[in-house]
Amino acid sequence: MLINCVAYQHGRKLADIEIADISDYVSRPDCLVWVALADPTHDELDQMTEEFGLHPLAVEDARKGHQRPKIEEYEDSLFVVLHAVEAAPGQSDGAFVVGEVDIFAGRNYILSIRPATMQGFTDVRARCEREPELLVHGSGYVLYAVMDAVVDRYFPILDDLQSSLEQAESRLFDGSSSRTRIEELYELKRRLMTLKHAVAPLMESVGKLYGGRVPQLCMGTQEYYRDVYDHLTRINGAIESIREMHATAISVNIALISMSESEVTKRLAAWGALITVPTLIAGIYGMNFQHMPELHWLFGYPYALALMLGIDVVLFLRLRRAGWI
Amino acid sequence: MLINCVAYQHGRKLADIEIADISDYVSRPDCLVWVALADPTHDELDQMTEEFGLHPLAVEDARKGHQRPKIEEYEDSLFVVLHAVEAAPGQSDGAFVVGEVDIFAGRNYILSIRPATMQGFTDVRARCEREPELLVHGSGYVLYAVMDAVVDRYFPILDDLQSSLEQAESRLFDGSSSRTRIEELYELKRRLMTLKHAVAPLMESVGKLYGGRVPQLCMGTQEYYRDVYDHLTRINGAIESIREMHATAISVNIALISMSESEVTKRLAAWGALITVPTLIAGIYGMNFQHMPELHWLFGYPYALALMLGIDVVLFLRLRRAGWI
Amino acid sequence: MLINCVAYQHGRKLADIEIADISDYVSRPDCLVWVALADPTHDELDQMTEEFGLHPLAVEDARKGHQRPKIEEYEDSLFVVLHAVEAAPGQSDGAFVVGEVDIFAGRNYILSIRPATMQGFTDVRARCEREPELLVHGSGYVLYAVMDAVVDRYFPILDDLQSSLEQAESRLFDGSSSRTRIEELYELKRRLMTLKHAVAPLMESVGKLYGGRVPQLCMGTQEYYRDVYDHLTRINGAIESIREMHATAISVNIALISMSESEVTKRLAAWGALITVPTLIAGIYGMNFQHMPELHWLFGYPYALALMLGIDVVLFLRLRRAGWI
Amino acid sequence: MLINCVAYQHGRKLADIEIADISDYVSRPDCLVWVALADPTHDELDQMTEEFGLHPLAVEDARKGHQRPKIEEYEDSLFVVLHAVEAAPGQSDGAFVVGEVDIFAGRNYILSIRPATMQGFTDVRARCEREPELLVHGSGYVLYAVMDAVVDRYFPILDDLQSSLEQAESRLFDGSSSRTRIEELYELKRRLMTLKHAVAPLMESVGKLYGGRVPQLCMGTQEYYRDVYDHLTRINGAIESIREMHATAISVNIALISMSESEVTKRLAAWGALITVPTLIAGIYGMNFQHMPELHWLFGYPYALALMLGIDVVLFLRLRRAGWI
Amino acid sequence: MLINCVAYQHGRKLADIEIADISDYVSRPDCLVWVALADPTHDELDQMTEEFGLHPLAVEDARKGHQRPKIEEYEDSLFVVLHAVEAAPGQSDGAFVVGEVDIFAGRNYILSIRPATMQGFTDVRARCEREPELLVHGSGYVLYAVMDAVVDRYFPILDDLQSSLEQAESRLFDGSSSRTRIEELYELKRRLMTLKHAVAPLMESVGKLYGGRVPQLCMGTQEYYRDVYDHLTRINGAIESIREMHATAISVNIALISMSESEVTKRLAAWGALITVPTLIAGIYGMNFQHMPELHWLFGYPYALALMLGIDVVLFLRLRRAGWI
């Protein structure tokens, strides 16, 4: 599905153009064509391949999907795969969905392809059109703007993860280390790995877009790519921190479970003692010896009950002092 | 066992040729000889060594087998060892078998050797013959096509691993952390390590076939090798993810076992209490004191039973409120 | 909030200057302008951007905050983000707060921005003014002095962490592995990660300010930056040590909990035996057989009690020898 | 103890020579002297130092022993330390002993020193003498042949480790996770570390003998050293795999122990219930109330026994259905 | 405190000289001044700074102490910090103390500073003076000799750690996994980390003193520094091995504790059964039914006792066969 197809010149919008005209505009040296597709059909992709002269391996990747984030250089053009993240609709527990955004960037064109269900880049286009002094940098700047938008959307997801961890931590020590708690920790780990999967390979690739030899396309916008790289490093560092705290949380959780089990054992044993000791006394006075003086006492029975109660009271106090009850 | 022995020129099939004629065709500058063997005998390998002039160390490796995946350069030829994977026949639980594929690639020849039991590369050959415009790239392209086929067969195995993990995860939390569950997790790890063993060293080797100094053979097809490398990186990344989730799953499993043990202990203790408390009461009324008024009551016995039952009901309710029963 | 705005020449203070005059002084080749801001308003930052000609991406980072420590080169100027740490006010348990310090350093200016709540750098400025022979090195030296001050403040925090670990260690083995102990260990880890977060990325960045190609600004003060780097390496090494000991401490803690649980079980069982054995004897003599000689003995009852006591004494001694009581 | 001292020319054996004549032969440009010592005395080593002109630091290392595997270059000669492994004599459980083999290799001499108790290299010498076309490569080839022999002896040890792990794995899940099992796993780890200690540093060193700048000595035999390197990489990879599976096995073992403990607890509790419930009933009918109708029934006693038995049968069936018995 | 202050020429001792004369001797091109200080006062250090022209940052480090091991190059001189280790006096359990040794090395001087309580380097000096052919290499050789002496003192400490681990291992499996055992393991880890802290950073630094670009000072003695590096690598490798075995030991320890707990539970339950079963029988014959034939048997009582004993014997044998008793 075609979303936009616009030609720009000197940083300013020329016109919405027809797909068939793309190759004409692209061949003009001072023109920039920026096309946005969502869930393109097979035909649309074929058209684009022809108009822009895309590399068949890159087109095949875009067609098959399930790529990891990467930036590949094909002669003087780039093929970029990003993982866009978005809070899962209708869920409020930090779940998110991952969509694949593919970008073909040439000297004077940008073609972005995204899943129809995900948020688009109209705000990016609007911002670029408001700032012609930056848009004049050409496709290198537009590519940056789109990547920056994608990366910026990682931050709220990261914040969700951070607060999920903090929530899990605070629950860890409030005494309720239940099965649900462990399931939450496991789920958190899964989300963490998904985000890491989106961030780490991209970081590695973006690192090659500034400093040292960079693709022709990114000349003059290196500082912007360094900024994206810096954001990714920040996210990646935070993910690593969460990962390490998460591992510690699981260890600590196991310790806490063992400990609470130990406490339960103690309490049970304590209460058990309060029952078995009187049972022994009752057993003794249930013996059938002919000569048991207590049995003939007038207050033998109350005495026995008092004995049971007395021992239990003493026991109870000692056990409580020992912290077992 | 000889499977195929075909000569190509300018990307088109010339003829099926005799083994003895191989050296004639190889010496023609514009010819490509592509031979496929399955479980070759000692003599067949000797013949090949002679016809193609293979390096003795490489031939010895091919003869002994049990190599790790690698790509070795011998002057202007390459010796490639791949681990091909295939779902184990007759088993549906994700088990797979690993076979070793050896490829000798020279300027104008390709010799592939595979175990007789594994799937061959006839589909690769057919595709290459359908696309003479690519086959014209020569042995570099054929080597790519074979590697690509081998690597593509890793993906379903990876998907099996992924779904095994997901299955294990979902069972983890359904309360049944039995011995079988742990055995499955261990088995999953073993399969994971086998796949990693096939992928990781190959990835490292393929990384040297594009960018920087590459073997003469791979000139002009570098983008294809980068594509293979990209696939391997993707698989490797997924393996690492599964590995990390797997480690977390084992930790979590230990926590869950401890926790369920703790719950069992509690339940047992609760039911125990419901028995020992009435036992104590029975013990008391089994004492032989002469003066025990209750014993002479008409309804002493029902009263005692009611007392037992009453205490148990109260106890039961309290224990259930505490979540112990 | 403007804290200071001073111009220096040849290492000596010229005058406190107005913000509006900054650009005049900066344009003088032998002048150094050193401005300190705390929690600047939007307008103040705009003014500074204009006067010093700061790079918009760096200014945006300073405005948004939440950066990781980094040193970025923009043409001939540096943008430095540091995490300053400070013992949390009113708390004595090693808690600390982290504040972000941003420094813009050009050939002949230094602009430092810090949170209003954190300790400033007036002592750094005072020391620099006392040592004109060093201040003459210009902005490279001032930047060093500020970084050195920030890094020096990490040491007491590190010492706190070290002593927290030692405290936790000593408690580990005094028998009281309670819930609080685990919570402390977890909290320690959290503080450790926060400090690591401040130190590790900075170390990486500072490593690029000496040896090899260094920014123009740091020429002639490389040995000072190596000194900062050395301090950071030292802190980082200590953090790694604490981290590893911490992981061991948690493992050991789990072992100790299991062990103490095992001991509790043994003690309980031992005391239980001291009760159930006499109960059995009492049960035996409570049987209603007509022909039980002991029942008719004159000293049958004392004999039974003595039997119970005797068996218990023997049992007690054996259990104590076995270390169960 | 001198084992052999032979001079070769053009790949063919010239003569067994006297130690005193070594320096004469070494000075001839086309001669190769190959000396083998086992547990040399101090004097023998002094003689060798003099005849071959060995470097004092290398000789000191050979004298003191306890070196890690390494390859050191001293001007135009190499000093190589290898760890040779051998199945421990008289033990069949995979135990092995490690011996240190020191090799001094110069342009035209090889001096190998090994412990007297370990297997020698006479087979290597015999093979070299049978293949004069290879021996003509000189000391570089002989050094390779000795290293290859040492490395080849790692494979059976590795296979032992592999099968030890597999044995441990299969026992893990057959229900018998006894103390011996854990001790075996620990012992396996120890053997694994010893082999790793022999392989990993050597691999690193051999990696410098082919590709890039290599010692003069190894020119022309680089492909052979790459082959040794490849073998070492294979062994190292297998060690890493075993190590990782081993760690998983220990985790899994802990889970299994916890689980079997949990099962024991359940079974005990189940059997306990089958005893305590009838005890309660017996207690009830042991009460001394005057008015207990059952006591006067003719079949009261059988009724009571039947009640006990009946409840136990019901209980037993329910517990068995719950999988507790 | 000044220990020695000696001037050497051409490898031979000239004279013990006054501190004030140092600068004279240092200025002579063929002279070597070697000064040893122990716990120098502030003034002594100032004197040295002046006489040798030491760099202020290095002097400050020496003054403040608490440095990590490092080798820093200041123009044509080196500043070296080593951690010397020494068995703790009066303790025989492998405890050791760490002292900081600082060395300033210039083209023709060596200044070593050590804590007064630690062993000095008089033996190093004596050996150097006995070997003038080596001492003639100048300060590069002396620096090597001192470093070699410090590193050699690591080996006995390492052996202690090794034997501590072996002791811990052998105790691990002798059944006594007591609290003390865990405490020993923890203490071992602490010592290990301290030694690693001394070795690892030094290794990294020494690696820069041979091969590639090395400081002027170390030219001509590179092989000696490689030897030190090799020793450090060996120690470091051993530390890593111990560390890994230690981690395994802790895991194994936890497994053993769980297992022994499980065994205790079983034994307790077994003994418990031997008591509760007769208690049930006693309870049965303590019931008050009128018609209980056994009660009237002449040998009813012995029969009951025999029944109890018989059941217990059968139970005992079965439990022993099951390995529970």
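Letters are used for the chains, namely A, B, C, D and E, taken in the order the chains are written, and counting of residues starts over at 1 for each.
The rule is short, and it goes like this: a residue touches a chain if its C-beta (ideal position, glycine included) is under 8 Å from a C-beta of that chain, and two chains touch if they have at least 3 such contacts.
On a predicted model such as this, the values are computed, not experimentally measured, just so you know.
The minimum number of touch steps linking subunit C to subunit D comes to 2.
In the Cα superposition of subunit A onto subunit D, the rotation angle, rounded to steps of 5, is 145 degrees. Here the CA centre of subunit D is 25 Å from the CA centre of subunit E. The distance from the centre of subunit B to the centre of subunit C, each centre being the mean of the chain's C-alpha atoms, comes to 41 Å. Counting partner chains per residue, subunit A shows two or more touched chains at residues 251, 254, 258, 261, 265, 272, 276, 279, 283, 286-288, 292. Following the touch contacts around the ring from subunit B toward subunit D yields the chain order B, D, E, C, A. Remark: subunit C residues 55, 57, 61, 67-68, 70, 72, 74, 177-179, 182-183, 185-186, 189-190, 193, 197, 201, 250-251, 253-254, 257-258, 260-261, 264-265, 268, 271-272, 275-276, 278-279, 282-283, 285-288, 292, 294-301, 304-305, 308 touch subunit A in the complex. Subunit E makes touch with subunit D in their complex at residues 169, 172-173, 223-224, 226-227, 230, 233-234, 237, 241, 244-245, 248-249, 251-252, 254-256, 258-259, 261-262, 265-266, 269, 272-273, 276-277, 279-280, 283-284, 286-293.
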